[in-house]
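Which chain is which? They are A, B, C and D, in the order written, and residues in each are numbered from 1.
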Amino acid sequence: MSLLHHESVIKRADELVQTVYLFSQRGWCPATSSNFSFRILNEDLVIITQTGVDKDYIDLDNMMVVSLDGRVVEPEGAQPSAETLIHTALYKHFDKAHSVLHVHTPLSTVLSMKYLEKGEIRIKGYEMQKALEGITDHNSEIVFPIFPNSQDMTQLSNSLTEYLDKNDDIHGLFIAGHGLYSWGTSIPAAKRTVEATEFLLECEFLRSQI
Amino acid sequence: MSLLHHESVIKRADELVQTVYLFSQRGWCPATSSNFSFRILNEDLVIITQTGVDKDYIDLDNMMVVSLDGRVVEPEGAQPSAETLIHTALYKHFDKAHSVLHVHTPLSTVLSMKYLEKGEIRIKGYEMQKALEGITDHNSEIVFPIFPNSQDMTQLSNSLTEYLDKNDDIHGLFIAGHGLYSWGTSIPAAKRTVEATEFLLECEFLRSQI
Amino acid sequence: MSLLHHESVIKRADELVQTVYLFSQRGWCPATSSNFSFRILNEDLVIITQTGVDKDYIDLDNMMVVSLDGRVVEPEGAQPSAETLIHTALYKHFDKAHSVLHVHTPLSTVLSMKYLEKGEIRIKGYEMQKALEGITDHNSEIVFPIFPNSQDMTQLSNSLTEYLDKNDDIHGLFIAGHGLYSWGTSIPAAKRTVEATEFLLECEFLRSQI
Amino acid sequence: MSLLHHESVIKRADELVQTVYLFSQRGWCPATSSNFSFRILNEDLVIITQTGVDKDYIDLDNMMVVSLDGRVVEPEGAQPSAETLIHTALYKHFDKAHSVLHVHTPLSTVLSMKYLEKGEIRIKGYEMQKALEGITDHNSEIVFPIFPNSQDMTQLSNSLTEYLDKNDDIHGLFIAGHGLYSWGTSIPAAKRTVEATEFLLECEFLRSQI
């Protein structure tokens, strides 16, 4: 039986589809951009959105299974997102990560361009930071690294892994002119992290205007 | 019988859930933030959202009962929002308050940071002010106090109570870098106050840009 | 039989309710603000929203009938919007106006404050102007008058009438710090005019930022 | 049998209606503006929205058939959008174009005014560019031409054709103070291009603010 038809997989895939749909309604995944996944518990397998899907119309049929090294498992012939290797690099590094969400919001696109030279966005002083796993105080300083964009996914996922080997304690990362990757110990936790990060960017943007 | 199953409680809890859902769709409670309550008429009991709830999916099961001093009444083991003491402080001070709504909007977050040193936001000249209870003229000056954020809820609710003992005539308050608290003599009245306040912030922001 | 139960009235009231609901979803009538009406064909009667209605929940029961001089016709005891006299002044002046829509958008609020001293907002060069009745060229100059806000509705409607007696050729008007009034030969025509005007304000705002 | 009742036409018209509805919900076609079409495969016939349609209520009945030279085919007496000649000019030039979408977004309106003298908007450095057909790298430079607005559609479509005869490799075009035209090899491809272009404009706008 196809893994995609297992009851427990369908349940979580539904949860992911619902999250993606909400994000799409907010304009966070325009033009078939963005990709989303969850890891199957205790398996080296990942359910991920297929490439080229219009997220306004996302449904279960847009999902597929890949292995942790990025190979297609099923359905035969399905094409995963080009950025699958970023997802699998994150799963390989973070044992506890069970969902990876990647969105293309205008603010994550432009603020990651603006701060690319600094290599990071630092955020401090917001209650909303407490939505990030393990953060209990608004006075903590949160660091989100920024990586230069590349069309070479192997290179991009290697830079990422190299960074994570030295700087483990992050909640999300930006690719410059491209968007945000975030993750969590569950789909709801990953959703919470994406929403908190986007909110923090919006606050940083507004503060720069007033 | 559980208080949460009383017909009259369910009716008002439904009204609150509907309000929270609308707010969530506007992006006012991202990432499981924000909390919402109403007081049971003539009782020292409050129905409040449990902690950690994704407001995009809010339903009646996310509610719980606490006493006016913040103790859990039911369901057993449920965890109320960390900010329950702010709600109960407001109910204790304002006899007529029957609903307290707390939202995390980007503008309430950043404008409360900007004006924290002044300790208040003053607003004048808008027709929308008349949506605030007791205000009948757009030329009245409305004062919203701003409190520094803190993770110590006892301290925060005490500062609040101390302020209210001297300055009774307010329609809402900000916690810096955190958000807006507002209240009303009913759930619709509290909804109206939150919407009016957020609108006034948006106008103040736009005026600073033109 | 109540006028509100006539089939033809219900049909148009439904059309109005649907329009109001769409406007409310866009944030154009927060906090029970804004009011909306249509005139009954060949009668000196107007169907208008009752005061204090939350437009997120608007339905047919929120409507009432007033005469062209602003008296309540039915249902007995219903309270019309405080701004009923503005609606009736517009119907009395414009024979062809069959619907008047009044919204509280942030941009109409703040731009009417900014340009109050000039007494008008002039707009030119947009294709969207052609959505205004009788405008066929983007190079026409459109003038929207601005009136100072007042809590005295008789005075406000008199200023308005006085202005219209001299300047008939307008598509909408602003009350400073308050909002936009627009009208049309049908509910869809009035909806189109409101949307076009708000769009033109948004363009003017954006142009001031770039 | 009416072409509009052919099963295959209905299927694609449904797809177009759904796209238009989504665009309308985002505020991209206010006040009955904007027009949308698809070409019937292997025929010199185009299905296009009738003039004056409120896109919040769009349905299949709002569609009509025109020939590639802009004549009404059916239903008898139906009035196509005034801009039909722009659509047909694009179909005549681009053999592979099967859908043309024209939206009136605030940003396409004002940025096309700002850059009219330059005659184009150039965009570079965004991952989102890859949503445009044939673009595989974020470092490509994308050029969108801008044409002065005109009420003379023959003249406007001639300028357009003249430009395209020399500069074939474009993904969309702006008419100053008016809006965006985009197209694709299918309705989803055209939707993707419109969304990507609007996203790129929003990024350019945000970058100008930070």
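One rule holds for everything that comes next: a contact is a pair of C-beta atoms (placed from the backbone, for glycine too) under 8 Å apart; a residue touches a chain by one contact, two chains touch by 3 or more.
The structure presented is a predicted model; accordingly, all values stated were derived computationally and were not measured.
S.K.: Which number of steps is the smallest that gets you from subunit A over to subunit D via touching chains?
M.R.: The fewest touching-chain steps linking subunit A to subunit D number 1.
S.K.: Can you check whether subunit A and subunit B touch via the same residue numbers (shared by over half) or via different ones?
M.R.: Both copies, subunit A as well as subunit B, present different residues to each other, with under half of the numbers appearing on both sides.
S.K.: Just curious, how far off is subunit D from subunit B if you go by their C-alpha centres, in Å?
M.R.: About 45 Å, centre to centre.
S.K.: So the centre of each chain is just the mean of its C-alpha atoms; given that, what is the distance between subunit B and subunit C in Å?
M.R.: Chain centres of subunit B and subunit C, defined by C-alpha means, are spaced 32 Å apart.
S.K.: Multi-chain contacts in subunit D: which residues touch at least two other chains?
M.R.: 209
S.K.: When you draw the chains as points and link the ones that touch, which shape shows up: line, ring, star, complete, or other?
M.R.: Shape = ring; chains linked end to end, path closes on itself.
S.K.: Hey, which chains are touching each other here?
M.R.: A-B, A-D, B-C, C-D
S.K.: Show which residues of subunit A lie in contact with subunit B when the two form their complex.
M.R.: Residues of subunit A touching subunit B: 22, 26, 125-128, 131, 136-138, 188, 191-193, 195-196, 198-199, 202-203, 206-207, 209-210.
S.K.: Name, in rising order, each residue of subunit B that touches subunit A in their complex.
M.R.: Touch list, subunit B to subunit A: 27, 30-33, 54, 56, 104, 106-107, 109-111, 113-114, 149, 151, 175, 177-179, 205, 208-209.
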